[in-house]
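Once you scroll down, you'll see the structures, which are given as structure tokens.
Below, subunit A partners subunit B and then partners subunit C, in two separate complexes.
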Partner chain A sequence: MIRQVVRATARATPGLITASQISKCSPRVLKVSNFNLVKQNLLSNTFSTSSFRSLSDQAKQDTAQVEEKVLNIIRNFDRVKENPSKPQVSLESNLIKDLGLDSLDQVEIIVQLEDTFGYEIPDSDYEKLNTPAEIVNYIQKRLAEV
Partner chain B sequence: MLSRTKVLSLYKSMIKESNKFSSYNFREYAKKRIKHEFEANKQLNDQAKQAELIQKANANLNMIKRQVLVSQLYPTEKLIIE
Partner chain C sequence: MMKADKIVLNLKQFMLRREVLKAYKDILKACYSIQDDSYRNEMINWTRHDFKMNKNLTDEAGIKISLTRAKMSLKELQTSINMAK
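Entry: the complex of A and B
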């Protein structure tokens, strides 16, 4: 009777081993196939056509976008919004003379600009930034440098 | 006489630091308080007083930095107005 049991287990073990092997192997196989998928995605992204846009087009678009962003920041600034005389904000309006802001407000606008465009504006450049047009020029120059 | 840019850069670093508060109440209070103090002393010409206030502002800047760290360690839920 003992022999029978031994024989039975001997017969059973090959099947057991293969089952456990499969369960061990399958995750690795899955990972490999995932990796291939990721690789393919990366490749197709790098060669997508969107990166081939002419440079002049992009520059024009950027200027318009920067202008809009700068004007929006200034128009939405509390002091400008709540000014009783409701000054019209144009690219040429002087922040201090035309919009009735002081140097502290100017600094606050600069902080907002830094947050929007993502780089530091050094202290020494504050005096150069008196109108939205000057700000736009300045930002474009800085963006071109990077 | 204290240079204009120095005061403005102090103001800027205080505002920037306050923007890092994760809690809306702290953030807005700090900014309003800083703005109010700077506006109140805009026409100050007494040099000794100026130096004293600058020192106070620097001390407060360090305090804000510490408090920002603390507020980031214990995040609160966002308010409905955010």
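Entry: the complex of A and C
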């Protein structure tokens, strides 16, 4: 599937890839397809600065998206939603101490994250991910390695 | 056998806890692949309930027994999912 998308993005002009296609891809595929799109922009005659994304912009956008997704998953987790004291889910809120979850819930949240980002997180790293900020850092490191 | 702030586990307990969490994760992943929505939610709730009920066990033998039961349930779940496909 990855090969198909890479080939498709290499041939296609930018803008012809639909949003639904992108949302169904895993981040790994997105990285490669973005590279193809940028390459086309470089090679095309109409080289406008607005259509060319610098690498730092891309990285910032990714961070914001990852943070959004992580926070959404945690907010929609039923034990957090039904918590009577309605704690605020922020990047620094500790899952166990602030949100009152236990290690079983932590495992569940990480499984949902694995599903969302399509990346398998090894068991040894489960205990390290205690706040959304750590989770975002971890995911970004992994995405950067891909 | 929850790791509270002041309790430090010895190596065997630590490995056992790790196994329990791994079994929980594997069962949850198997549950997520169930197509039928109501059945899937039922299985997830049953899993959570079972694990949480045994959360406070402290004797190693009891924990091992529950862990074995969990692994057997996982195998049953996986075979019934494969049969349903």
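The working rule: the second predicted complex is superposed on the first by the 94 of 146 C-alpha atoms of A that agree within 3 Å, B and C clash if a C-alpha of one lies under 4 Å from a C-alpha of the other, contacts with A are read in each partner's own complex, and residues count from 1 in each chain.
Methods note: a contact is a pair of C-beta atoms (placed from the backbone, for glycine too) under 8 Å apart; a residue touches a chain by one contact, two chains touch by 3 or more.
Values in this document were obtained by computation on a predicted structure and should not be read as measured data.
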### Task
Applying the touch criterion given at the start, work out whether A:Glu108 contacts subunit B, subunit C, both or neither, answering first, second, both or neither.
both
### Query
A:Asn94 contacts which: subunit B (first), subunit C (second), both, neither?
neither
### Message
On the A-aligned overlay, A:Asp123 touches which partner chain: subunit B = first, subunit C = second, or both, or neither?
### Response
both
### Task
Using the superposition described at the top, list the residues of subunit A that contact subunit B and also contact subunit C.
102-104, 107-108, 110-111, 115, 123, 126
### Message
Can you tell me which positions in subunit C touch subunit A when the two form their complex?
### Response
2-3, 17-18, 21-22, 24-25, 28-29, 32, 48, 51-52, 55
### subunit B contact footprint on subunit A (complex, rising order)
102-104, 107-108, 110-111, 114-115, 123-124, 126
### Message
Touching residues of subunit A toward subunit C in the complex: what are they?
### Response
102-104, 107-108, 110-111, 115, 123, 126
### Message
Considering only the defined contacts, which subunit B positions touch subunit A in the complex?
### Response
4-5, 8-9, 11-12, 15-16, 19, 35, 38-39, 42
